Amino acid sequence: MAGSTYGDIFRITTWGESHGKGLGVVVDGCPAGIELDEEAVQKYMDRRRPGGIKYSTPRKESDRIEIMSGVFEGRTTGTPISMLVINENHRSGDYSEIASYYRPGHADYTFDKKYGFRDYRGGGRSSGRETIGRVAGGAVALQFLNELGIEVTAYTKQIGPVAVNVDKFSKNDILSNDLYMPDEEAAKKAAEYLDEMKRNRDSAGGMVECIVTGMPVGLGEPVFDKLDAGLAKAIMSIGAVKGIEIGAGFRVSSMRGSENNDEYVMSDGRVSKLTNNSGGVTGGMSDGADIIVRAAFKPTPSIAAEQKTVNKNGENIDINIKGRHDPVIVPRAVVVVEAMTGITVADMLLKNMAANMDNVRRVYEK
Amino acid sequence: MAGSTYGDIFRITTWGESHGKGLGVVVDGCPAGIELDEEAVQKYMDRRRPGGIKYSTPRKESDRIEIMSGVFEGRTTGTPISMLVINENHRSGDYSEIASYYRPGHADYTFDKKYGFRDYRGGGRSSGRETIGRVAGGAVALQFLNELGIEVTAYTKQIGPVAVNVDKFSKNDILSNDLYMPDEEAAKKAAEYLDEMKRNRDSAGGMVECIVTGMPVGLGEPVFDKLDAGLAKAIMSIGAVKGIEIGAGFRVSSMRGSENNDEYVMSDGRVSKLTNNSGGVTGGMSDGADIIVRAAFKPTPSIAAEQKTVNKNGENIDINIKGRHDPVIVPRAVVVVEAMTGITVADMLLKNMAANMDNVRRVYEK
Amino acid sequence: MAGSTYGDIFRITTWGESHGKGLGVVVDGCPAGIELDEEAVQKYMDRRRPGGIKYSTPRKESDRIEIMSGVFEGRTTGTPISMLVINENHRSGDYSEIASYYRPGHADYTFDKKYGFRDYRGGGRSSGRETIGRVAGGAVALQFLNELGIEVTAYTKQIGPVAVNVDKFSKNDILSNDLYMPDEEAAKKAAEYLDEMKRNRDSAGGMVECIVTGMPVGLGEPVFDKLDAGLAKAIMSIGAVKGIEIGAGFRVSSMRGSENNDEYVMSDGRVSKLTNNSGGVTGGMSDGADIIVRAAFKPTPSIAAEQKTVNKNGENIDINIKGRHDPVIVPRAVVVVEAMTGITVADMLLKNMAANMDNVRRVYEK
Amino acid sequence: MAGSTYGDIFRITTWGESHGKGLGVVVDGCPAGIELDEEAVQKYMDRRRPGGIKYSTPRKESDRIEIMSGVFEGRTTGTPISMLVINENHRSGDYSEIASYYRPGHADYTFDKKYGFRDYRGGGRSSGRETIGRVAGGAVALQFLNELGIEVTAYTKQIGPVAVNVDKFSKNDILSNDLYMPDEEAAKKAAEYLDEMKRNRDSAGGMVECIVTGMPVGLGEPVFDKLDAGLAKAIMSIGAVKGIEIGAGFRVSSMRGSENNDEYVMSDGRVSKLTNNSGGVTGGMSDGADIIVRAAFKPTPSIAAEQKTVNKNGENIDINIKGRHDPVIVPRAVVVVEAMTGITVADMLLKNMAANMDNVRRVYEK
């Protein structure tokens, strides 16, 4: 069944394989009248680009995004915004060996069983390049949200055993190093850990945290399309994510109610909270505090070390995966988490417009 | 926007408030020809019933489920199955105080801001009774899955700081105590912890784990409607859940690739895996191993201890929430996690039928 | 696949069979804060009630609608509104003969082939009673639209060869006779025609026209969820409808462009049209003129005259369908067309709120 | 709200404007393993190409379709199939005049009111070129259906007052003339009528009929996603369609039940019908007979004759639309009706797989 569309009102549909002709996205339902900065979209794309940072694939691809429709005289028109990247680097012939067996931790086996066969070149549709459409769509969502004063910011919280240990930091702090860790000391230790992993022909996992500021209250549609449920789906759908939590997250399991409840208090004439264990979502709706979500990423499954697996003939074999692979997915995934969060919030924000008659009258009683 | 419908092919739509006339669900898209055991549905409902166990609300409600449509001569007909519970216990007048302020950790504030006002009686739509429709729908999903050899089993893995410490157990072990913990020692300690919470007018969080056995390979629709993404949404939409993880979950952040990858091996002529860090989902599709998901539940927000909050007039006040409340949500939520997991797997199983021409031909070439 | 849900933001899910325990609807996504007149819902339901008019089934059923949720202190809360009718008249045993063969023009054969068997009592899910949920949902939609000055009015335009021949009429004129024809002369001739059909143990077809006044401009979501496309689906989904047209409809096939184009002209400082061949929809969006749609209904398939058919054993047989059946469906379908039109317009009106940044700012910049 | 996606399991998402960089479609949910003939897709596209026939726009565009993803080694992979056409002919500057006023019968006014402004070049998103994505998607759907023995064939049934007057004809008869009328005499008269329209600076409407053979029984999901309801939406969403009917269509209004009912009879050991007034759909599900649908198309709204309208300053003006326009839309729309019908049947066919446990077991019990 069709599974490449996400969102109801603000909706993205992505397509493309790692080594096909290209990859892209159709963003449908974006409100008309947004001044879309095309260069900002490209800069956003560059943050997921291979070759951009030390610990990612050395393949150099410019990944130039082209906006094909939906923007006229610099503004969104309300019609679908189609964006695509042409693949420059799709040599064939490298993948004959991979085609014959199932790489541990990859989708080779499940793809074959579900569809009967697979485009094995570079991982096909399950490659990290699949996120190109997500990030391009996210770039549009973020420009939309920014117009309303909503900011989405993700960063690398942890790589292997090394976690960021600072509380306050700026967007610049995040972008100050290749690992997108806003804590120079942690970044240095993480780099050493990654060097060790490379020496051992191994790879590392990690964690990304994403924060949304400027949230209106009430976004999220109970009881199934709650804001946190939407975020959970959006972020879990990113390849390699194995866990998602919001606010105090898994820590709530061992907390007491008196400790976890966020008490309300008036502040500057507005309702606010003394703590934010809810991570900005109470009862499935935004409560006005910052959204705080975290995603756990598994280690890159492609490792050079020897592994057991089976081939298509049903024989047990030992393999060594060749080629140069990222020892860690996380830094390049930061922008993907940001994108999926932004798309979810944009969609929820538009959905919430229909929640009550006051909103309806604001639009129709002119 | 409508948010009370979940699922695409196998789909539930729930309705009802805590103290309205009743609550229910419409299950649409259930395949025709399933022998539906109505008594088994009722027994399943009884597992979420208040009054059934020591550490839950002492209110006694029979919560008798009635099947109104979609079943004829004992079998599902393929038309919508409407099921409902009439509320027996809806005294009014108790809630005038609660109506005037926002309880910390509850959806009072967000409901008011989103919709302009709320049905404040017993939490209205954000009450735990909202899960009646989920559990009734889940009972149907599980009977469907059982016919195909798929079993869904959840249990209490942790209450406060007390975790289950056994690996192997049966469904009977789970049902052997009020807390649904398949580890007598842990159950005893957890009970003591809950007694302490009650004495302190406080409450406890916890964790539920759910296991699905007998899974076919290939369920899940990349790239957004992956099996794990669907489970994340389904389970995060349950009230009080703040985190969801699959397989090794958050532990993958600090694991190495060589440690985390599940190696394949032939076993009895079939592809199987030496480990199950993936929790049964690889590349967003079921890989044939057991599905293993965990959900973190926050402590019951209704506590008797004094709390700060604000009222509808924008004044800071101190409150003590009256009434007798569960000191922990988790044991009653076990069946809800099971239900949402079952509904997700049922929907994914039906979606996967259209994945390839072999399946299409099996159905249409007679 | 689940097919009993209609609408995206304003959404109905219907359930129930003719001779099951009851029938109903869940209306989800209705904006909060509408003063819902429950008695008006009942009166609306009465317009589709059997026994209400001379040319309909003499079965008397009170069809008392009960609102189970989603309304608090007289206002919609934004949560699902569940409404249901308990079947009073579900004697069994009458249907053993019908169970054995396929009635021409009925869904008996297609139901059996699709689902493997069917609830044959009174037509089961394909009975006219299925429209109970549609009409109850429509009653809510119309109250919502009325608050914004939008009125939906349908009437019987034709019964058999007899067509209404007046241009101007009021809602009262429509309700002045059992056939809902706002033309006394036509109503009289149609009644004579129906008497003739009854004498001949035969039945008649007809046509319903529906008019929506007070439409805002721009409702409808190109290119697939256009307003006319939505209306076409909604109305064609009503049992017995075989055609749907808008404005000049099928006449456009033989019109010239200069004849069909609606010219624009300023009137009272607003853009208006000199003609309304478009039926109020241009480019798939409302153009501000009245919506005008027509639906063709086939004759009641249940006729007393002898017919050929086959039975479940694959034998050719001759049948006479017993019981008393409506000689025409149309008068009772008038309110169903109105309901489906109202639901579609309500949904489109909410969808359109997200069309541009001006609307978004009106809601969020407070 | 996003409106450029159609279908649930087999789903298309289209994008692009007349004079933007290009137009295209993403086909998602197409079963894996179909041998996709790319050249056949191009040939299918050529049938809607401007310049291909005498009575269509003389603009020559090659409209070369490129398949960007979803096909590997000649077969569909189950992943999204992205196809696009680069616009070769997008001179700007021609449209300054059109930008200032609202052309009668066009979507200029409604677009401006809904979105605040519009891409006025060549009609933007409401141009006939929007159908490029539909036709490319339809080409894939038809190849899928052909593998199962299902054929979809449309033709021009009427142009202005001239109707086809033959009953039996082949696909070749349809393709034998520029107007796609399988009746040489009618085609000749229609051509003369069109010449007259051109001389008068006017345009003509018409009608398309579409026939589907080889239908399995039971496709269609009651009660809202019925097969005829889906076809009605799909076809009404095509620009310029003002009416849709199935089988006897609007004629049923004046038919008697005994006349309209299709009697069943055994034929070659199978249930068949003596007539096909139902147009192959009974109770919203395919009944095994050929699907027969007709769509009424309005005359081309762009005419050279003088027309009244208003401009953006709210002034009444007289206009003459310049440029060379098709005097009739119908011949080029034939393939579009075929495409939308094919996509709808493909989607319904996949949906129906989940209808009953027999089908489920056929797929999962290996």
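A few notes on this one:
For reference, chains read A, B, C and D in written order, and residue numbers begin at 1 within each chain.
Please note the rule applied: a residue touches a chain if its C-beta (ideal position, glycine included) is under 8 Å from a C-beta of that chain, and two chains touch if they have at least 3 such contacts.
What you are looking at is a predicted structure, and each value in this text was computed from that prediction instead of being measured.
Set side by side, the interfaces A-D and C-D show unequal numbers of C-beta pairs in contact, with more at C-D. Interface residue usage between subunit B and subunit C, two copies of one sequence, is largely shared: over half of the residue numbers at the contact are used by both copies.
Averaged C-alpha coordinates give centres for subunit A and subunit C that are 44 Å from one another. Rounded to a whole number, the gap between the C-alpha centres of subunit A and subunit D is 37 angstrom.
Subunit C and subunit D have Cα centroids lying 26 Å from one another.
Along subunit A, residues 1-5, 8-10, 14, 29, 32-33, 78-79, 114-116, 125, 222, 350-351, 354-358 each make contact with two or more other chains. If each chain is drawn as a node and touching chains are joined, the picture has every node linked to every other. Taken together, the subunit D residues at the contact with subunit A in this complex read 1-5, 7-11, 13-17, 20-24, 26, 28-29, 32-33, 66-70, 72, 75, 77-82, 84, 114-119, 124-125, 350. Residues 8-10, 29, 31-34, 78-79, 147-148, 216, 222, 349-351, 353-365 of subunit A are the ones that touch subunit C when the two sit in their complex.
Of all residues in subunit B, only 1-6, 8-9, 14, 102, 104-107, 109-111, 113-116, 125-126, 130, 158, 160-161, 197, 200, 202-207, 217-218, 220-226, 228-237, 239, 241-266, 269, 271, 274, 277-279, 282-288, 296-303, 305, 307-310, 314-316, 351-352, 354-358 touch subunit A in the complex they form.
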